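One chain, chain A, appears in both complexes that follow, with chain B as partner in the first and chain C in the second.
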Partner chain A sequence: MLNKKCLLIITCIACLPTLSIAKPISLVESCVELVNIYESKNSQRLLAAQTTSLSEGLRAGYCLGVLTNSADFEYNCRSDWFRRAEFIATFSQENNRPSERKILKLSCEI
Partner chain B sequence: MKFKNGVTIPNAIRMLFSIELSEHKEFKDLVYPLVRSKGFLKVIRKKMSLESKKDHLLISTESLDKFYNAVLLQGFFADSKKVKDIFTDKEKRMRAAEFLELIFYNRQSILGVGMQADTVRKLILQLKSDISLTDIRLENPFSELPQLSLNGMTSVMQALLAQSAALSNDESMMAYFLNGELQKAYDVSCSHQPQEAMLMKYHALIQKQYHDAKEFDDFLDNLIK
Partner chain C sequence: MDDSNVKNNNQEVLPKKLTESSFSYYFCEIDWTLSRVLSFVFDFLILLSLIFLSLLIIGFELKEIFEYDGGLSDISTVEMVFIISTIVLLKRYRDCCKQTSINWKDMLTAPILYYGKFIAIASIIISSLAIYDLKEGTTYFNILFIYGQNYIQLLSFIFILLGLYISTPSKKLKIKIDVIPHCKNTEEIIPPEPNKTETENA
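== the complex of A and B ==
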């Protein structure tokens, strides 16, 4: 009886890490959010906060994080992160998107 | 033209409000976005003819009550996004009800908009209750929908803001806030401390929303620099 209980607990613990693995976030979609937030801010003062949901804000932050991090460590980026975000966001309209790695690299060359 | 399970927009307006949409262009411009708005009403698209690329937009009969309520609320709040929020966001629905309560507590009518006080009271109770705005029609207090008026004031909100000098501080603070004019709402709130519990709640909310929004704007500016 005790063994069965132990087994159950062990299986549960073993399953925990798989439950907490985060789903990947789309870089293109998150850069769209980042660009949208700035569009909203530039269209009217105080509007950005009122039109941005928490999850949109988090997504935008992901884009910003990936761009600034990759600029520092991976590539020799010529353009600033905002222009790169705008560039990456344009891929949201495309059906045959290149891989994220490729898009990221391309964004450094604009 | 009638279709199975769906009604054209002009037919729906005729059935629900006895109004000929073709005679009121401005009203038409307010109504169509409600129907076209994705995921709000159940709509059916029918090809106009075999060769035509254009579709007839039909409102599904099960969405007619919701459409009725949306048009009615548009008469108060103008903006179709805000009207749609009332259907989905409990808090915004309550805000709308509390705003109407505040506005009509002290007056029988809004200049230029004919309304029956009893029916407004019933409408406020309906908004405050849990009834489904998709299935149950709201009381219509208007003697004529404000959307039809010729003076450019197509909603109660616009009529109120146009005579803002006649509003109390409480009222203009709420009107600006519900109309999405956070800066103006904040400006009023800074020189005015409401006495009533419901208004004190909004006063605090406006102050907080303003500071959050300003902080966000500043943060975004700093990132770019």
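== the complex of A and C ==
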């Protein structure tokens, strides 16, 4: 009986990723994840590896990628990616956010 | 000392007994009942708000675990440890409750109430931080909720697990197996006497 229960639970957990539809990636949320992992440009926060999931890591990587890419090609930003990520993360508290492109442009000006 | 003297002395010391027909008697009764009703309502409201608060936060935490609807990829190591620990502690709690005479209502509400109390304390601390921010114009509250999301979640998990761990019922409520009145199968409780022939041979 216990084995059947265990089997059912394992099957349900295994089916979770197939049933779920992942949300689209938002730059602001991604940058929140990035600043939750990194304490500064060169050091990670305490227990960052343990408290970060695969989805969160993916989003943090997305934010980092967008920031470095825009710094290199689009807007020619001079400020470092961590400060820009911090700036973008502050928009998570706002209800009427500007567009991502606008936020990226604003982040270059800090 | 004479008995009649003692009775007279007692009558002098004790307050004048209120007769059931007097206004003071009814006033005292109404006053007493009202205070008890208000006390009951106050206790009930606190209980209800604590349960509501803790259920709300538990729901929020569950939503936070699967925040991106990514299934298993949303679960971090800490969240996985939390889920397993919760299952283990829930099983322990159920086993502990089974050994006691605690009713199902208390069994369900005890861990939720403990968690609610923890959350209430944490809310007071966070509120004081928000008030300090409003007064001084600082942004500690925002910093906490942007940069400390993982730590807040970790703290909430610790509160849930601690609440589950400490909500075990008192040992005084433990049921003694030999005095269970409705126990039909006595063979399970009283061990069978050893066979005489076997003991003699031994």
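Rule of thumb we're sticking to: the second predicted complex is superposed on the first by the 78 of 110 C-alpha atoms of A that agree within 3 Å, B and C clash if a C-alpha of one lies under 4 Å from a C-alpha of the other, contacts with A are read in each partner's own complex, and residues count from 1 in each chain.
Following the convention adopted for this analysis, a contact is a pair of C-beta atoms (placed from the backbone, for glycine too) under 8 Å apart; a residue touches a chain by one contact, two chains touch by 3 or more.
Please read these numbers as outputs of a predicted model, since none were measured by experiment.
Enquirer: After superposition on the shared chain, which partner residues are touched by A:35: those of chain B (first), chain C (second), both, or neither?
Expert: second
Enquirer: Please indicate which partner A:45 is in contact with in the superposed arrangement: first for chain B, second for chain C, both, or neither.
Expert: Touch partners of A:45: chain B and chain C.
Enquirer: So which one touches more of the residues on chain A, chain B or chain C?
Expert: Of the two chains, more chain A residues are contacted by C.
Enquirer: Is A:55 touching the first partner chain B, the second partner chain C, both, or neither of them?
Expert: After superposition on chain A, A:55 lies in contact with chain C alone.
Enquirer: Determine, under the contact definition given at the top, whether A:79 touches first (chain B), second (chain C), both, or neither.
Expert: In the superposition, A:79 contacts neither chain B nor chain C.
Enquirer: Now for A:90: first (chain B), second (chain C), both, or neither, which partner does it touch?
Expert: A:90 contacts chain C only, not chain B.
Enquirer: Of the partners chain B and chain C, which touch A:26 in the superposed model: first, second, both, neither?
Expert: A:26 contacts neither chain B nor chain C.
Enquirer: Touching chain B and also chain C: which chain A residues?
Expert: Overlap of chain B and chain C footprints on chain A: residues 45, 47-50, 52.
Enquirer: Tell me, which parts of chain A touch chain B in their complex?
Expert: For this pair, the touching residues of chain A are 37-38, 41, 45-50, 52, 64, 82.
Enquirer: What residues on chain A touch chain C, complex-wise?
Expert: 13-14, 16-23, 32, 35-36, 45, 47-56, 58-59, 89-90, 92-93
Enquirer: Touching residues of chain B toward chain A in the complex: what are they?
Expert: Against chain A, the touching part of chain B is residues 180, 182-183, 209-210, 212-217, 220, 223-224.
Enquirer: Chain A touches which residues of chain C in the complex?
Expert: It comes out as residues 66-79, 142, 145-151, 153-154.
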